[in-house]
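Letters are used for the chains, namely A, B, C and D, taken in the order the chains are written, and counting of residues starts over at 1 for each.
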Amino acid sequence: MNKNIQLPLRGIIPPLVTPLLDNDTLDKEGLERLIEYTLSGGVHGIFILGTTGEFAGLSYRLRRELITHTCRQVNSRVPVLVGITDSSCIESVNLANYAAECGADAVVLAPPYYFTITQTEFLEYLKRIMIQIPLPLFLYNIPSYTKIMLAPETVRLAAEIPTIVGIKDSSSDLVYLKQVQYALRDKKDFTFLVGPEEFMAEFVLTGGHGGVSGGANMFPKLFVNLYDAAVNRDFDEIVFLQKKVMQISTTIYNVGQYGSSYLKGLKCALSIMGICGDFMAEPFYRFNKVERKKIEEALNAMEI
Amino acid sequence: MNKNIQLPLRGIIPPLVTPLLDNDTLDKEGLERLIEYTLSGGVHGIFILGTTGEFAGLSYRLRRELITHTCRQVNSRVPVLVGITDSSCIESVNLANYAAECGADAVVLAPPYYFTITQTEFLEYLKRIMIQIPLPLFLYNIPSYTKIMLAPETVRLAAEIPTIVGIKDSSSDLVYLKQVQYALRDKKDFTFLVGPEEFMAEFVLTGGHGGVSGGANMFPKLFVNLYDAAVNRDFDEIVFLQKKVMQISTTIYNVGQYGSSYLKGLKCALSIMGICGDFMAEPFYRFNKVERKKIEEALNAMEI
Amino acid sequence: MNKNIQLPLRGIIPPLVTPLLDNDTLDKEGLERLIEYTLSGGVHGIFILGTTGEFAGLSYRLRRELITHTCRQVNSRVPVLVGITDSSCIESVNLANYAAECGADAVVLAPPYYFTITQTEFLEYLKRIMIQIPLPLFLYNIPSYTKIMLAPETVRLAAEIPTIVGIKDSSSDLVYLKQVQYALRDKKDFTFLVGPEEFMAEFVLTGGHGGVSGGANMFPKLFVNLYDAAVNRDFDEIVFLQKKVMQISTTIYNVGQYGSSYLKGLKCALSIMGICGDFMAEPFYRFNKVERKKIEEALNAMEI
Amino acid sequence: MNKNIQLPLRGIIPPLVTPLLDNDTLDKEGLERLIEYTLSGGVHGIFILGTTGEFAGLSYRLRRELITHTCRQVNSRVPVLVGITDSSCIESVNLANYAAECGADAVVLAPPYYFTITQTEFLEYLKRIMIQIPLPLFLYNIPSYTKIMLAPETVRLAAEIPTIVGIKDSSSDLVYLKQVQYALRDKKDFTFLVGPEEFMAEFVLTGGHGGVSGGANMFPKLFVNLYDAAVNRDFDEIVFLQKKVMQISTTIYNVGQYGSSYLKGLKCALSIMGICGDFMAEPFYRFNKVERKKIEEALNAMEI
């Protein structure tokens, strides 16, 4: 298995936004700036083509271009994880192979997301697809989008496949996470990463390995410091930094009334910060001037 | 606009299953047989790459191959509708252009289905995508898979775009359908098609134009006759034929406990009938021997 | 069994609103007017303590008072059905016994609605409670409120209990209704009533027995006429009357953005019509002046 | 305000099961034993008529009897909290008044749970009901049963009512809990209690005040010790004790396939331990012999 990734994978692995110039044109310079900016903040890995990366809205051509440039730019300084989630198994396998060729370190896979499938069907699917995947794989549980919550027993059975090395959970359900951790308590190398940044510190305090924190696109150091504080059980620091995380969550991610406010706010903020543009892939569209003004104010209030 | 399609589109338009030899190989002979079999049953159109066609699980290469062969085989005898639903707008547009080149008559589009979007976001998305679509388009409402119910007001506003010519609804919610029909009561040419075959006749009796009935893959004549009976308000015939439709619904579609039993049962039955194989695209898998035996018995009991 | 109710029960059985003077005071005169008004419109039964009757918000004292006065006022002119749905089985049985003493003809029961229960648990519950219920009982399927959809097989098994004589369905799902009807096709006396008035006519056209139509509080004759048109398969009349039903549905029931707009609009309209006040039980509250103005305009536009 | 309750309320407050002899008969001796057993384990309060107490299935007569006996037995040794959640506001107020007369210290209220209401409607309802409630009140967020998630902003606005003193959350959603805590960060006396015991320790580690832990019916000391370990940031102890909590969660609460397995398992275990019988209120029913055997084995494996 890959030498560049140590298991369990620990730390902050930002789910990169995908900088775009227009609907099907990668913003390569923006991508370079974003990678250098987050790496300079001390992040422990890079995850592209996740939900935050708007993977589902991108063409396959652009997904490949993104993989190529990211792997080249990161150049093995940290592990690169590549999302291969797709409603078509064949396209997932194609992307995984391409990621391997480009030198990526691992792939990340949520269940195929058009049909509603059962635990058994997902396990059977995993067994068949894993034979064709040339890289270590992290499961991705995100039931609000895929319409299936990976049962703790499903994760336990999946983890018997040697190349399945961890799980990223975006369910927000800590009972669930505790059950998954308990089900896999004997798998010492199995990685547990949490999506929602609001309780990344709590999760690391009690057995989690790190966070796939979207906010680390904007504030990599903040999240790396919070991760370190959790590892060191430095509660004063945790309390101090978590207030900023909650400030982000309730301001930058909270403009407008739509579920997409997180994605739009994040990309808008990166644009204001001069890191990359705020062009979004369909079906979303960038914030208007009024909304952008609010993001500006929210950024100004951040004191970071 | 296309000459081969008359609006409103009326009748039975089967959502064709996609015959496969293996995970990425089209069963061309099965496809030919299936097309000839349904056409010989009198169906009024052909719809490929719908949910019943497992579109979401197919590679793009195979989707194109399917479009090519279907258009060639049908050869303008009836309108061909092509599903272009995708989580990526670019891939939807690509498919639509390809379908137009191949001579398809219309396309069918459900909302992009990974992210959860609002009515407003869907309408904006429609306005932008419709400029790039070279064929008349039917909206496809299937909230259990796309996580959005197209509000009657959304459909009304969408119908102001001239090339949006109809809606196929698979919500099963007749209150909703009545509200959509009422909202569009002034659009005399707007087509209303219903997905679930269990109440196709009721729907046609009171203002609907037809059905995208999966069962018409197996029994095209049954559904064409039921449609005719509804048009003619022949209640004795409706009652007689609808019993067979309900028999299909509660036996062939009802083996196993999963949501996929409809798809698996349908393809298994077609295989038993010698029309095409029962290979299924990921994430599904064909019925085992015990389940196939049940489908055989269900078919034998059909008396058609 | 009761002589006053003929099975299957056919026709329009309005789910009466509960006229209130304040939060725990029955508006007896309003109730009398409402009963006389709907009876004079030709309705075939009266249903109190349903969802439209705000049963869940009423005290038990008031529920009994309502039963007493309704039975007395109706005085056996039509069957009286009494809702006994409750999260506590004991309170349901108490209400059923009280309804029997007052001379009611049947009771109506949805699953207990706090806990989430399974089909098996509901069936076991039914078997135990039915021993204690002294009147014929209609099942009430309303999954959006009770969090359980009564499976067709559950209804079939429930119907083996001789005193379970019918079902009122408010799921809006016509596939479901067709499946229930098919599952019970051998029970010739089993009553099928539909809640949503928007497709009452379709339902009666193809095997349904009638509707529990909330709009019949305001316009009893309209719904009785539509029912008759459906029985007589008079399609011109159906189309003519159904437009008015859809007009009600999209105007009077559609003021404000909340799920409660149906209940609030209905009671507001009855108040404007001088039949009873618009005081609502908690947790709801009557429409304000602006909203009331809209209801007035909607009523004026009705041409009935 | 009440002298017996110090705000914020801290510690383990078990949601007592309701010991029953039959469907409407309180097991008074079982109740006494259960109260003495949990108090001897060091719990910091007692909560009756919660979800674990099967409140929704009990008659009002029995609810009152339970309040009377609990207040008498506890006799002010710890605060007594009484659930007054009901679909009828009047019955909630009646129960609150009765609880005050009996000397209870606070009440606990979830939204009325039949109708689906909006945030605004709930806030209006709260304002009206709070005038009539003679005791401090804890909000109870349990969206899986009430069909409404109390928005952080709703909780913040509710907390402006002086007698609303805290919230018990059973959503399992830690992002949500963090948002509520952040929205109320200036209300130093506002109490945050968590329902799910699986992450009670995490919650106390980072700003939570305690847990309404169902398992404390069986193992009060375990949960009190875990609470203490969290307060003292004793991570070795937390890890050691939390394994036992997860063992309970995955064995005793996990027999059978139904959502009710928690309630049934808990009451069955208490019966095996000789504390009270396992009779359950409708719509549930006690475990059968096979299931009871599994609970016995799970208890034997607990090493407590």
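Just so it is clear, a contact is a pair of C-beta atoms (placed from the backbone, for glycine too) under 8 Å apart; a residue touches a chain by one contact, two chains touch by 3 or more.
Given the structure is predicted, the values throughout are model-derived calculations rather than measurements.
Trainee: For chain A, which other chain has the most distant CA centre?
Mentor: C
Trainee: Would you mind pulling out the distance in Å between where the CA atoms of chain A average out and where those of chain D do?
Mentor: Comparing mean C-alpha positions, chain D is 36 Å from chain A.
Trainee: Could you tell me the distance, in whole angstrom, between the mean C-alpha positions of chain B and chain D?
Mentor: 49
Trainee: What is the shape of the graph in which nodes denote protein chains and edges denote touching chain pairs (line, ring, star, complete, other)?
Mentor: If you draw each chain as a dot and join those that touch, you get a single closed ring.
Trainee: Which chain pairs here would you call touching?
Mentor: Touching chain pairs, listed by label, come out as A-B, A-D, B-C, C-D.
Trainee: Okay, in this complex, where on chain A does chain D touch?
Mentor: Of all residues in chain A, those touching chain D are 152, 172-176, 178-179, 182-183, 185, 196, 198-199, 201-203, 205-207, 233, 235, 238-239, 242-243, 246, 249-250.
Trainee: Considering only the defined contacts, which chain C positions touch chain D in the complex?
Mentor: 23-24, 51, 56-60, 62, 87-91, 94, 111-118, 120-122, 124-125, 128-129, 144-145, 147, 258-260, 281-285
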